[in-house]
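The next part holds the structures, each set out as structure tokens.
You will see chain A twice below: alongside chain B first, and alongside chain C after that.
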Partner chain A sequence: MAFIATLSTGSGTATIRLAGELDAATAPEFHDAIDDAVATGAARLVIDASELTYIASAGLRALVFARQKVAEDVTISLVGVTEPVLKVIKMAGLDHGFDITGS
Partner chain B sequence: MTAERIDLPRIDDFPTRRIGAYRVRQGRPFPHGATLVPGGVNFSVFSDGATAMTLVLYRRGDAEPLEELPFPPEYRIGSVFTMTVFGLDLESLEYGYRAEGPFDPARGDRFDPGAILADPHALLLSGRDVWGVPPDWSKPYQYRSMIAQEDFDWEDDVPLRTPSEDLVIYETHVRGFTRHPSSGVAAPGTYAGLREKIPYLRDLGVNCVELMPIFEFDEFDNGRVNPATGERLHNYWGYNTIGFFAPKAGYAATGAFGMQADEFKALVKDLHRAGIEVMLDVVFNHTAEGNEQGPTISFKGLDNATYYMLTPEGYYYNFSGTGNTVNCNHPVVRDFVLTCLRHWVSEYHVDGFRFDLAAILDRGPDGAPLPNPPLLEQLAYDPILRHTKLIAEAWDAGGLYQVGHFPNYGRWSEWNGKYRDVLRRFLKGDEGTTGELAARVAGSPDLYGGRGPAASVNFVTAHDGFTLNDLVSYNDKHNEANGEGNADGANDNNSWNHGAEGPTEDPEINALRTRQMKNALAILLVSQGIPMLLAGDEVGRTQLGNNNTYCQDNELSWFDWTLTDANAELLRFARRMIAFRHAHPVLREGRHPLGVDTTGVGLPDVSWHGVDAWRPDWSPGSRLLAVMRAGRDADGAMDQLYVVMNSHWEGHDVELPDPAGGVWRLFADTGASAPHDVHDPGAEPATAYPGRVYVAPRSVVILTRSDD
Partner chain C sequence: MPRIPASLSSLDQVAAYVLSLAERAGLPPGLSDRLRLAADELATNIVVHGYGETGGEFAVEGGMDGESVWVRFEDDARPFDPRSGYRRPDYGLPFAQRRIGGLGVYLALTAVDGFTYRRVAGRNISTLRILRDGAHQNDQRSRAG
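Up next, the complex of A and B:
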């Protein structure tokens, strides 16, 4: 399945909805979406992963990239993460600076 | 002006030719290994004797390669083959090398074009991604090099640079620490599991964890079975490196995702946040390739004669006791070791290294010890390693024993084997030990004069040998489960079972054993030098008399967390002893005591005593020694401590020196039953009788002076 990153904004929140497979090949598309989200100046960034079917380590790194990219006072929420993915994020210590909620 | 984009195109961003399905160009020789460059990966590998080299690419897990890319002749600079390959899928790529050259063992060459070789500089290795999953040996190329992103958000983390003399080292095994079902962590036996136990380490008070090998190794390289159970034995300890730059994937909960580097970094970062340094036990004396009969994994097929010490006939010297010996002082190998250590410090923020069988590191290519071994000198002065702790296990299996005279350049510390030996002999009541014990308690100035007490890593137990509980519970080793008829492991343990071999119901024996464990911890933690504890000794962990559990991936080796309750008394004692050490800088001075008043407090910095104050008994039959330490505390006020060590089977009424106008307070008395065995540092009760203290049979009393 292809990967799609869709950005929507409203009331100070930028939401990136991810669908499909997030891996090394598709991570740049996600990066672009983050760049666009940053440009909106939103105070809150929501990454909705509930339609992701697969996430590889490059995809997980892309999430860290989001934290690095946005200003410190912007909160990042990661929603709709499946239990196995959540576990990997936590074990690898990539969860700092995120507000993460499972699916 | 500021540039919006700095990633301007470069001329070398583009391939110049095609090999098979891949576009490539001539690469850069440095750094060696596989390095990410714009659009591709730069591969660089050294081989002096190879006549041709091929880069072999695999899709992860596949038996057959995706492609073999021979290095064109013009892609070789000196003896380095280098090529940049574009358009690779980094996540699914595994790679290796095929090296062609002569097979002429008498001349040192063992090229085997049939073997796919792991990159000695591989940043990750796959093949043993999940601990204990039996490998498919029919598969060619077992340990596969992988590319690493090497990106991690360290925030502001750096190595801690805790002064060496302030360290309390805790030696542990990543898997063994939390593998036991009682550990209660989410991912038992992993870096993440250890990370979850950081609060325990903080409460214990240790400020440095020394991890037994975490460089990639193969837990399946042990062919033996437990004769009693038929159970397959593992290489549990991992002193048999396959990948010197790669963290062991099987120790990572995320190893199956190839995220072991991130998981290990997260552990280091959080340990640092808790004020705990990370020291790695590193094995540069030998590799997993064994001798003539051993497997060809990497070095053997790339440049056997460079990487290994060979006899004039081309056989392997065996100073490590494991089949081969790394040719550490060869200039190329020196570079390899140095690059590797720099990698662990700069990439993983590691604080120090303990070098296994380090005496090998000062042998020359023919095995003879060098007077000024270049590797050791180089490590001592390297800019990246400048503040990294370097600790030598200053002996090897070839008979070189250098405790006290390891070439140190003012930088190296040593595992003080003599400390261990005399403390053990004193504790079991051997004659003629008080004189040497005094030197050891004072930081071994006889061995390390001029180098300072931090040159001495003091310990009673380490992974090699009995645990503390077994030291006081067994006269002899019981290694039958290792499958070698109890022939493996040290025979000379200076242990004593106190009346029964192994576990017993006898309350008197058990009480005495507990007391002896406290005695050992007490003396260790008031000795000058760097104390090192073996994980689990603070709760009386037993290996049922096995003093060499290198192959036991089971409850014999694992930390049983129920012991924190069952032996809460010992744990409480250990915690307070560590806190006591942290509270008294006089025990952690950066120089050896001189026996004179060096701090202007009116008392010598160290003085020796016996049953009578100021009259130490150095006679062979003496089993009681007292030491007074005097100096200043962290606020500059006078600090005065008195430690009476009695290994005699009788108690003694001991006269105390004058507490300089104050009173003596009782911090610890291992002869007293809990909770009176130890008190909170700073809240010690006054002694019962001024001027005297009763020291029970085989016990240690520690006093501290206060003004009132």
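Up next, the complex of A and C:
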């Protein structure tokens, strides 16, 4: 399955750009990117999901993992979230844990 | 459809099969997405919890009738009723304390309009069904608030 997680950092912000489909097979790659992002010590984590077309529970678990892994005062923003992905996040009741903006 | 290896790398194949079925059935994108999500979660369960390290094969088939589209999984892993892992997310808990085991099954069963499980002659048989008009699911959602 085509999935790419790319980490970039700058100005105290770590940005993970997700593209493709995030399921149980590809979630480990997202986990790794989260680990790398946390290691930078950035004060803000931005997850750019504008090119993410699908998310399964394994992807949601990675999001929760990110929230639990970073310090409480680190903001996590999900930006560019597409409608199909947002629906799954809401179905799981996780839409209140993040600062989410749609595409 | 041929039997497919119980491996996470097979999830693509399951998704392609279900999306193709949904297209043939003329399901709108929202319903097609829900059927795919549920099928993906069930297949993941079979691979991870059913077969685990031992590996194996499972079969997926699907079809449609006047009012619904269905997808059925069959495997010969240990007896495993996906509903046993069902747990509604605890919306009341602070986010950082959420336990998220059972989320896949929750999503699968929430996404579709019907689910049945049977253990027959050493095989697990799970069937997902989605209504073409999506009416039942919408009712459930509004009740769930």
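Convention: the second predicted complex is superposed on the first by the 101 of 103 C-alpha atoms of A that agree within 3 Å, B and C clash if a C-alpha of one lies under 4 Å from a C-alpha of the other, contacts with A are read in each partner's own complex, and residues count from 1 in each chain.
One rule holds for everything that comes next: contacts are C-beta pairs under 8 Å (C-beta built on N, C-alpha and C of every residue); 3 or more make two chains touch, one makes a residue touch a chain.
Since we're looking at a predicted model, the values are computed, not measured.
Student: Considering only touches as defined above, state whether A:V38 meets chain B (first), chain C (second), both or neither.
Tutor: Neither partner.
Student: So, does A:V79 touch the first partner chain B, the second partner chain C, both, or neither?
Tutor: neither
Student: Have a look at where A:A19 lands relative to chain B and chain C in the superposition and call it first, second, both or neither.
Tutor: Neither: A:A19 stays clear of chain B and chain C.
Student: Under the stated touch criterion, name the partner, chain B or chain C, that contacts more residues in chain A.
Tutor: For chain A, the partner with the higher number of touched residues is C.
Student: In the superposed arrangement, what residues of chain A touch both chain B and chain C?
Tutor: On chain A, the overlap between the chain B and chain C contacts is residues 23-25, 56-58, 60-61, 64, 67-68, 87-88, 91-94, 96.
Student: Applying the document's contact rule, which stretches of chain A touch chain C when the two form their complex?
Tutor: Against chain C, chain A makes touches at 1, 21, 23-25, 54, 56-58, 60-61, 64, 67-68, 72, 84, 87-88, 91-94, 96-97.
Student: Give every residue of chain A touching chain B within the complex, in rising order.
Tutor: 23-25, 56-58, 60-61, 64, 67-68, 87-88, 90-94, 96
Student: In the complex formed with chain A, which residues of chain B make contact?
Tutor: Listed in rising order, the residues are 89-91, 149, 151, 153, 155, 186-187, 190, 192, 195, 252-254, 257-259, 262-263, 265-267, 269-270.
Student: Residues of chain C touching chain A in their complex?
Tutor: Of all residues in chain C, those touching chain A are 8-9, 11-12, 15, 29-30, 33, 36-37, 40-41, 44, 47-48, 89, 91, 95-96, 98, 100, 103-104, 106-107, 110-111.
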